[in-house]
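Look at the two complexes coming up: chain A is in both, with chain B in one and chain C in the other.
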Partner chain A sequence: MEKNARPIAVATFFAVLLVLPLANGDSYVRHISIIAIMYAVLVSSWNITLGYGGVFNFAHMAFFAVGAYATGILTKTFGFSPWWGMPIGIVASVVASVLVCLPVLRLKGIYVILVTFAFGQLCLQIVLNQRELTGGNFGLVQIPPLEIGAFSFRDYQNIGYYYLSLAILAITVAAVTWFSRSRFGWRVIALRDNEPYAVSRGVPLSRIRLATFVFSAIFPGAIGAVYAQYVRSASPDMFGFSFLTLALSMLLLGGIGTVWGPIAGAFVFTILSEVMAPLGPGRYLVTAVLIVLILRFFPKGLAGIPQFLAQQWTRAKPKPQPAAEKA
Partner chain B sequence: MVTLDSLLLGFQSIFASGLVLASLYVLMAAGLALVWNTLGIFNFTHGALMAVAAYVAWTVADPRGLDLGLAVGVIVAILVAALLGLVINYLLVAPFLGQKQIVLIAVMTTLSGAFFIENSALLIWGPRIKQLDKFVEGNVKIAGTTISGHEAVIIVVAPLLMLGLWAFLRFTWTGSAIRAVAQNREFAELSGIRVKRMYAIAFAIAAALAGFAGIMLGAIRFITPGLGGEPLLKALIVVILGGLGSMPGTVLGAYLVGFGEAISTYFLGAYWTQAMLFLVFIAFLVLRPNGLLGKP
Partner chain C sequence: MTDILAVEGISKSFGALKAIRGLSFSLARNEVLGIAGPNGSGKSTLFNILTKVPFGPDSGEIRIDGEAVTRLGPRHIVEKGLVRSFQTETDFESITVLENVLVSMPDADFRTGAAAAKARAREILDDFQLLDQQDRIASEITVYDRKKLMIATALACRPKVLLLDEPAAGLSRPEVAQMIELIRRINADGVSIIVIEHIISLLVSVSNRLMVLNFGELLAEGAPQDVIRDQRVIEAYLGPAAAHV
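On to the complex of A and B.
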């Protein structure tokens, strides 16, 4: 992308999302856009550990679920104000990420996947166990919604939740952009690309890895809390394989390790799966085939397309130098 | 008050249920371990293969299906599973072999494969739950407690199957070739072993083993597309616990997890047992990532 084109594209993206509710009041479109925004937050923050960090953290969706459950339980059962929901979600998610990260510090490769995945299953078992608190198999329902005086965030087709999620997305994008250019981010990338060399140059592996987990867990915690208050429930499915696969395919489709790829992936994929909704379970077949095809033929995902096009462009164009010589 | 009698009775029931669980885990984990040991990847379609085999066996054997009898159903189902294993290997694993991050890529491709197979099963066989006939009717008394004949068959068959697998890997040319490929791919290739073919064979055998486990499960539990989900997780735990590259380790892991689960269920209840299992698993991975009998 051209240097000047990027800020313009970013501004257009957020401008469109800002005015969309004014142009379209349809409740179905509103719901899909809220869900797409939430997925974008989840996937782009997952990208911090998985993409930039190269740590195969399969507990990211569990952080989201932990945030949602913590918010739900504390505001519904223990009478906290719904406005404490987001801080509660963030704290719960961050605590969960520290717990996961401690064993992960000692492990590599496949073992990281196994431990992080086992952590999600452990949370799931605890949720199913504590039925009085979590609602067990049926999920936690009737979580109190956000309200300001007489205005509920559900009014005007959930417009409050829409703008709240959009604000979180903007913060997430800003944070990931900062991260990818900061000293902290460079250290994380250095550890991914060449761990022994980075460590020998004085990058503190454990401290950086822990910081990466904590940093990436803030966003799923926040959006988990808002999700719980938006749909007013939290279900054990949030720890499941299919949810994880869905988010993973968004990340892969968009392109790992880029700021905008995962966000594009989340939007394209949410819309795609709504378009395919009439197919029923058939859409999961399409999803699965898509993941394998992307991994096989476009390992860089959507984010690789501009680069790919640029390559085609330079290849198609006749080289200028011989032409100049002729003249 | 705890009397000696009730303690004895408790011990007997723990022993019986532990033995059944452990034998099931041996069946489930054998194929997963074979692929992990040979190709160095985890095959997440293992659970889905169990479900498909159970469905196929049901379709062939059940009066509402083709009604050809259980024996035919079992054979057809195992063949179908092996064939599916070949297809999975060809489409989801072979094209990615040799890439730097093959372990992680294989997790993603086989996860998608499992997703695909489970949803196809849902489309083909519908959401109505089914169950296979038991292999043997009636009950058997062991160590003072009664278990079903089918469970007795599992207890006997599981070690026999492992023995057969061991003999195959130890004494046949193909088995030796598979082990050679697992130990040193380059050198095996230099000695004229067709590496890709060995991978395919190992994958097919593993899939057949998954199919057999699925059929066994299909007579105890209800057959749903997600039949293999929980067994897959258990098999993963068993294989990791046993250690990479060690078939005896896998068997040891299966019996440890089975009896551990039975003991924990007796004292803590079924719900806490699952949580305990994952907690112990995480702790174990941190302390000894190479497993009980695995080489570092």
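On to the complex of A and C.
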């Protein structure tokens, strides 16, 4: 995308999301919008470790679930104010990210996948076994919602949760944009591009990898807390493989290592899934074919389409005739 | 001249293969030491184990400016001032030329602010005639420019000793001449250099001293013109024609 067109596109994107509840008050549309925004936050922050860092961190969805469960347990069982939910979710997610990162500091490739995926499964087993605290198989229900005086965030078709999620998405986009242009971000990309070379230039591998995990875990923790308060439950399915692969599909479809690709992937995938709901299980087949086709023609995912269109536009533009030929 | 780098009895084996066998040498402050030798003689392995990128020595002692660094990790060795380049042009391919240099600069350069750090990075790029390409993605510039960028990033680390591994490999004759000038300029700025190269004319031009390795051992050492006329070096590596460089 042209540099001067980018701020206009970003402003339009957020402006549309800002006025959407005013233009459409349908509860179903509101729910899908909230879920799409939450997915966008999740996938965008996963992009920090997986896309920019090139680290196959399969624990990212577990950070989201840990944030949701921590918020649910502390606000429902231990009586913390629901307004502590987001700080609790962030702290729990960050602690989980440190725990899972320490064993993978010096691992590569498939071993990182194994350890991070195992972490999610370990969390799942703890949730299933500690049923008095977590609700076990049935999940944790009746998590207290957010309220300001007499106004509940659930009022007016969950308008409070909609704007709260949108605010978190805006912060996530700002944070990922800062990250991609910062020295921290360049060092993360350097380690992805060529680890031995980065180390030979004094880039601290362990410190940067740990910082990357911690930074990326802030956002699933925050949105996990809001999700738990929005649906008023946290379920073991949040640690599941299908949830993980859905988010991974969004990331790959959108385009890793870009700020807007994962967000586009999250919105397109969520809306597409709803549109194709009448197809039943057949929608998975259609989705798979779509992913293959998009990645076949746009290897950079949806994020590569504007660049492709810009190239086509430049090629199609008539070239100015040399003066001699005009004469 | 006092020694900036001292290496005593370092060895490295890969199974039964002894790549470096009890090698000892030193590098004086502001000296340029050339290293030559046939393929497989252990030249690049020597750079690998000195910097621990990607592996360290099995035994032996390495000191930089009198301080033992043998037990330090690769990042701390860089901080102590020992920085290397690689045989093939290497870069961070998906970030810009300027960002390649910024990534390589130590934390101290950012303490006075990002603007000061960028100014220093641009100065380095200007020295290497790369300033006009600062905003290009590193993988898009020419092979020669990528080689220069790799050395520029090494200098961004503020090295005391720069290890150059075949800096002229794959370059055209005019580019080799420019590389010779570049090495001299870096050395004139106070950086001690060890350079591995197969292009003997480059080694003779820039080196104060030349060392030839064979099977991981020191075969000959001395003034470049004397070493290239050494009968053992001619037989093991150069061939009769090279003695007239």
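Everything that follows uses one rule, which is that the second predicted complex is superposed on the first by the 297 of 327 C-alpha atoms of A that agree within 3 Å, B and C clash if a C-alpha of one lies under 4 Å from a C-alpha of the other, contacts with A are read in each partner's own complex, and residues count from 1 in each chain.
One rule holds for everything that comes next: a residue touches a chain if its C-beta (ideal position, glycine included) is under 8 Å from a C-beta of that chain, and two chains touch if they have at least 3 such contacts.
Every value quoted in this text rests on a predicted model; they were computed, and no experiment measured them.
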Exercise for the section: Once the structures are superposed on A, label A:282 by its partner contacts, choosing first (chain B), second (chain C), both or neither. Expected result: first
- Task: Figure out whether A:243 sits in contact with chain B (first) or chain C (second), or with both, or with neither.
- Result: neither
Chain A contact check, chain B vs chain C, more residues touched by chain B
**OP:** Answer with first, second, both or neither: which of chain B and chain C does A:110 touch in the superposed model?
**Re:** first
Point to revise | chain B versus chain C as contact partner of A:39, first or second or both or neither | key: neither
| Given the touch rule stated above, what does A:260 touch, chain B (first), chain C (second), both, or neither? | neither
Message = For A:56 in the superposed arrangement: first (chain B), second (chain C), both or neither?
response = first
Chain A positions within both the chain B interface and the chain C interface are none
Per the touch rule, the chain C residues reaching chain A in their complex are 51, 53-54, 74-75, 78-79, 83-84, 86, 90-95, 99-100, 102-104, 106, 110, 114, 117, 153-154, 156-157
So, in the complex, the side of chain B touching chain A is made of residues 42, 91-92, 95-96, 103-105, 107-109, 111-116, 119-120, 122-123, 229, 233, 236-237, 240, 271-272, 274-275, 278-279, 281-283, 285-286, 289
Chain C partner, complex, touching residues on chain A are 183, 186-187, 189-190, 192-194, 196-205, 257
So, in the complex, the side of chain A touching chain B is made of residues 56, 103, 106-107, 109-111, 113-115, 118-119, 121-122, 125-126, 128-129, 241-242, 245, 248-249, 252, 280-282, 284-285, 287-289, 291-292, 295-296
